[in-house]
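What follows is a pair of complexes built around chain A, which joins chain B in one and chain C in the other.
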Partner chain A sequence: MISLAGRDILHSWGKFVFTGFGLGLLIGVTLTMAGVYRGMIDDAQVLLDNSGADLWVVQQDTQGPYAESSSIYDDIWRRVASYPGVAQAASVTYFTMQVRHGTRDVRALVTGIVTSELDAPGWPRFLIAGRQITKDHYEAVADVASGLQLGCVIQIRRNRYTVVGLTRRMVSSGGDPMIFIPLKDAQEAQFLKDNDAIIEQRHRTEASPVYNRPGVPGLLNAVISTQSTNPTVNAVLLRIKPGFNSHAITEQIQRWNRLQVFDRAGMEAILTGKLIATSAKQIGMFLVILAIVSAAIVAFIMYTLTLGKIREIAVLKLIGTRNRRIASMILQQAIGLGLIGFAVGKISSTLWAPIFPKYILLTPMDALYGLIAVMMICALASVLAIRAALRVDPAEAIGG
Partner chain B sequence: MAHGIRIENLSKRYGTGDTAVDALKNVNMAVAPGAVVGLIGPSGSGKSTLLKCLGAVIKPTTGKMILGDDVIFDNDWKIKDLRALRRDKIGFVFQAPYLIPFLDVTDNIALLPMLAGVPNKEARARARALLEALDVASRARAMPAQLSGGEQQRVAIARGLINRPPVILADEPTAPLDSTRALAVIRILNDMAQRYQTAIIVVTHDEKIIPTFKRIYHIRDGVTYEEAGEGRAIL
Partner chain C sequence: MGLSIQKSNLSLIAPVDGLVVARDAEHGSTVVAGQAVIELIDPQQLWINTRIAQNQAQGLTAGLPALIQLRSRSTHTLQGQLGRIEPKADSVTEETQVKVSFTQPKTPLTPVGELACVTIALPSLPVAPVIPNASIHTVNGQTGVWQIKNAALEFTPITLGAMNLAGEVQVTSGLTAGSRIVVYSERVLAANTRFIVVDSLIKNASGDAPRD
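Entry: the complex of A and B
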C-alpha cells in the first residue's frame, strides 16, 4: 500500500519544508532554552569542580559563599587545617564587580586566592595560556570569556593588575567569567573603604568621646587601626585526605568552631536548588509556553491543510478508504512536519549556541527528550485535524 | 436475467412528523450489465438523493436494492461493511474528476485495488491496462494537475472501473466539458460498459449527451418515469 502521507508531503514539499522551517526555529528556541538551563547547572558544577574543594567552611547559619554573603576571620583556615583528615585549607573571597579594562568594563566574579601555597584549594585550574599567580600583589589570572588577554592591565577598585594567565570554563554560577587575584588584594578590594570614607570615619571616631578619651593614650589609634583593616574572608576551602570521612570532619568543625560546613552535595543543592531555582522556573515556564505555542501552530497548520483537502478526503471515504487510514495520513503528516521542524531546530540551535553570551549546553539526552516531546505534541496537535477529517461526509463528493 | 443494479420501491424520507420530506417515492429502476442509462431531472427532484442511496452513502427508508447478484438493501442494509461495498462493487465518476492531487495518474487508479489489499504491482498493472484502454497510457506518470480536463475525466472513469464493479454511478461527468469532449466521455462510458459488462447510470443536465442514451429515467418530485431514449450514435 502506498503512503498517502508521504506522497502528499512529497507533492507539496515546499509548503511542508517552509512550515517545518518556521516550526523548527521555534523548536530551536525551545532547545536553546533547555540548553541555557543545562548551561546554568553546568556552570554551577564547574564552579564547584574548579574550586578543588571537598568542604566549604562558611559563616554560621549562612549558605555562603555563593548563594549568600559569608564572613569569617581569615585565620580560621589555620584552625581547621589542623583537624585530622584535612589535607589542605585555604581562605577565599568571592565578589562580583565590574572590572575596568581600558575604556570598557567586564562583569566578573573576582576571586581572592592564597598565593603562598602551590595548588591550594581555590586556585584556577586548567590554564590555557600563561602561568599561575606567583606574586603576592597585582597579578591576575582571567577566564577567556572575559575577553582579556595575556598582558592586559585591569583595574579592580584602586589597584591595577596584570593578566598573567588565562583559563577556560572558570565561571560563576551566573556565567560571569572569574578573575583570580591574590587574597590580600581581594580582601582590600572587597572590604576596604575608599579614602574619603576612611577620612570621614577617622573624623567621626576622633570626635567620639567614647574612643578619644583624655587619659587613655593609644585607644584612639587602636580603634582607628581596627577600622582600617578587615581580616575577613568569605570561606575556607578544605581538601580532605583520601580515606577520611567528610561527615566526621564537618561535624567536628561545626561543633567546636561555630561555623557552617557544606560538602559537595550540600553546596550543589544550594547552587542548583536555590541560587538558580528562580531562573530554572522561568526557563521552565518558557518551555511550557513554547510547547503550547508549538502545539497550537502544528494544530493550526494541520487543521488548515486538512480543510484544504476536504473534497479529497470525501472522495477517499467514498471510494472505501477507512477512517483509520485517513487519520493515519494526517498523523503521519503531523509527525513528518515535527521531524522536519526538529531537524531544523536541532541544527539551528547547534549553530547559534556558541554565539550566545551565556554558556549553552545542548545534551544528546535533551535532544532525545525534545524529539519525543515534539512527536507527542505533533500527535496531540493532529487530533483537531483528524476530528475534522473524520467528520467529513463521503456524500460531499457527490453533488447536490 | 443477471442485473447490474435493480431497485424496487425505494423510498427516502428526510425528517419526521410535519417537517418530513419524501425525497424518493417508491422508485423502481433496473439497469442491465453493459447498459448506460441517463437519469434526468430538475434541481431538487431527488437525483442526488437517489445517487447517494445507490452509492450506499445514505440509507434509504424502505425498499430493496440488488447489486449484481447480491441484495444489499431490503428495508435495511444487508451488508455490514458499506465502505468495502463502495470500494469493491460501486464505481464513482464525479462532475469534477476529484483525482487525488498528490498521486500520479497510475496510483490514482491503483489506489482502489490497493485499499482492497491487492499488491501494489498487480494494482498498477491493472491501472496501466485501463489507461491503455482509455487511451491515456502516455500520461501514466503525470500528476493530475498536468492533465487536460478530458484526460482527467478519463482517468476518473478508469478509477471507477478498476475494481470491475457491477455498477458505475456518474454524477454529471460531462458538465465541465465542451461538446466534443463530453461526447467522447459518453462514448468511452458506453465502450467500457460493453467491455466490462458494467451498468452505468449517468446523472446529467447536459442537453448535448441526452440524445445518446438508449434509456432514460426522468425523476420529478421523487418519482421516476422510464422512457426509451434516442440512442443516437456518437461519431
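Entry: the complex of A and C
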C-alpha cells in the first residue's frame, strides 16, 4: 500500500513546506499573543508576590495602593502591628515615574521600603547581584529590566541614588521595572513639589495677611514649615504569623480603625479584575480574532491545494481509487501541514519572545492547547477540501 | 544723662564677633519684644545637625570619626567628628539628633542650611561570621538563609547581629563559618527548588557590591 499523501507531498514538497512555514509564522503570532495575555496576568501576580505581604492596609474606602491612590499616615504601621497575629508591618510607597539615568530616562515603579528591618514586607524578595539597601538614604535596588547596572547613579526628583543591587522579574502591573529606594527618600520624592512651586507657595503665604501678621513673629515660618511636611505613605504591608487567620485580623483592623484591609485574594481580584481587565480583554479579543483568521487561512490553503489537484484526483477516481483513500490523503496532508505549522510557530514564538519589551509568558499548557486547536482546525478545514474532491467527476481526467 | 541711658538700652550689642546672615528688620520697622532683628553666626563654629534613625543610633558616643559629604561638593569627602548627642530626641520623626563638627574649619564658608550626608564610623565589633544581606529571607515568619546541604536546599533560621554599610550582617547563631548559603537566585526559593550553582547570574557583574 503506497502512501498517496506522502507521494503527493514529495511531488511538490517545496510548495508544501513553504505553505507550512507561512502558516507556522501565523501560528507563532497567535501563540505570542497568548503569551502577551499570560504575561500581563503574570505581571500582576508577581507584583503581589514580590511585595511579600499577606495583608494590605490602605486608606478607607479606596482600593489602593495599586489600582487607586491611597494615603495614610506613616505611623499607622505601629497601630496595626500590635494586633495579635501580625508578625511584621511595614509602610510602603509606590509611584510610577520617569527615572533619569544620564541622558535617558527609564519608566519605573519607584517603591519606598523601610530600611530599619532586614527583609521587611515590601523588600525585594531575592537579588541576582549586589546587595540590599543598608543606608537610610540615596541607595537603590533596581530591576534588571530597567537596563541599570550596579554602581549606576540615577536621579529621582532632586536626589541622586546609587544602584547597589539588582533584581529580576520585579515589575509593576503595567510591566514597568521596579526601583526600590529607602522610604524616607521615597516619601520626599513622592510628595515634594518642584522648587519653583515651593517658592511660589512661600510667596503666596507671605502675601496673605492671615499668616503674615505684624506683631506675631514666627507665625509665618510655622505655617510654611507645616506646608512642606508629608507624613504619609500609600499602604502598610502586613505579614501574618503562621497559624493565624487573616480574615479575623482583617476584621479586627477594619472594625476599629478607619482603614481598609485587603488580603491576597482581594488584591488579586482588584488587579486582574479591575486594573488590567480592559487591556487583558483587549488582548484576549485580539487573540480570538487571530485564532479565527488562522483557522480561515488553514481552511483556505487546504481548499486551494486540493483544487490544484483536481485533475490528479479525477485520474485517481478513474482508475478506481476509493473515496476513503482520497479523503484520507487530503486529511493526512492537512494534519502534516498543521504539524509543520505548529513546529515553526512554537520555535519562532520561543525565539522572538525574549526580544519583546514586556514579559511574555509561554506556558507548556498553552502550547498543548495550541497544538490541539491547530489539529482540530486542520481536520475541520480538510472537510471542505474533501467535499470538493469527492464531487470531482472522473470524466474531468480525460475531458476537462 | 537719663536720656543717654535710655538710648543705650535701645542699641543691640552682639555677644560675639560674627557674620550677619539675615536682617529681619529694616530701619523704621516696628519690632516686638522677642523678635529677631539680626541673625548672626560665628563661621568658626559651624556644625551639622545630623538626624539618625533611633533604631540605628546604637553605640553613638562623642568623638567618633565621621565622613561628611556636602551636597554642593558631593565628590569630596570631608573629615569630621561626632561632637554631641542631643539629650532630646525628635519624637515625631523618631530620630536621635547629634551634632557633627568639621575637623578642619571650612573655607570657603559652606552656606548655612545646606544638606549634608554624614557617615559615622562606629567602633569595631568582635569578629563573627558575616553573610551578605541579599541572602536573608523570611519563610513562615522566621528569618534565615537557604543553606546548601547534601546537594539540597534547606532553610536555616538564624539570629542576626549588626550590619555594616556594605551589607554584611553578623550571624550570632544558626550558622557556622564555612557554611554554603544561597546569596542570589533567579526566583523565590523553596525546599524542593531545583538549582544549579553558577558564578554570576548576570553578565559583566563582579560578585562584589559596589564601593560606597
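The working rule: the second predicted complex is superposed on the first by the 378 of 400 C-alpha atoms of A that agree within 3 Å, B and C clash if a C-alpha of one lies under 4 Å from a C-alpha of the other, contacts with A are read in each partner's own complex, and residues count from 1 in each chain.
What we mean here is this: a contact is a pair of C-beta atoms (placed from the backbone, for glycine too) under 8 Å apart; a residue touches a chain by one contact, two chains touch by 3 or more.
Just so it is clear, the structure is predicted and the values come from calculations on it, not from any experiment.
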Chain B versus chain C as contact partner of A:242, first or second or both or neither: second
First, second, both or neither for A:398, with chain B first and chain C second: first
Chain B versus chain C as contact partner of A:67, first or second or both or neither: neither
Partner chain in contact with A:49 - chain B first, chain C second, else both or neither: second
Chain B versus chain C as contact partner of A:81, first or second or both or neither: neither
First, second, both or neither for A:166, with chain B first and chain C second: second
Touching partner for A:321 - first (chain B), second (chain C), both, neither: first
Touching partner for A:361 - first (chain B), second (chain C), both, neither: neither
Contact breadth on chain A, by residue count: chain C or chain B: C
Sites on chain C touched by chain A in the complex: 30, 32, 34-36, 53, 55-56, 74, 92, 117, 132-134, 136-138, 140-141, 143, 160, 163-167, 169, 183-189, 200-202, 204-207, 209-212
Parts of chain A lying in touch with chain B, wherever the complex brings them together: 1-2, 4, 7-8, 10-12, 311-312, 315-322, 325, 393-395, 397-400
Chain A residues touching chain C - in the complex, by the definition given at the top: 49, 52, 87-88, 115-116, 118-119, 125-132, 134-138, 144, 149-151, 160, 162-166, 168-169, 214-215, 217, 231, 239-242
Of all residues in chain B, those that touch chain A in their complex: 47-49, 51-52, 55, 57-58, 83-88, 92, 94-95, 98, 100-103, 107, 111-112, 114-116, 120, 143, 159, 171-172
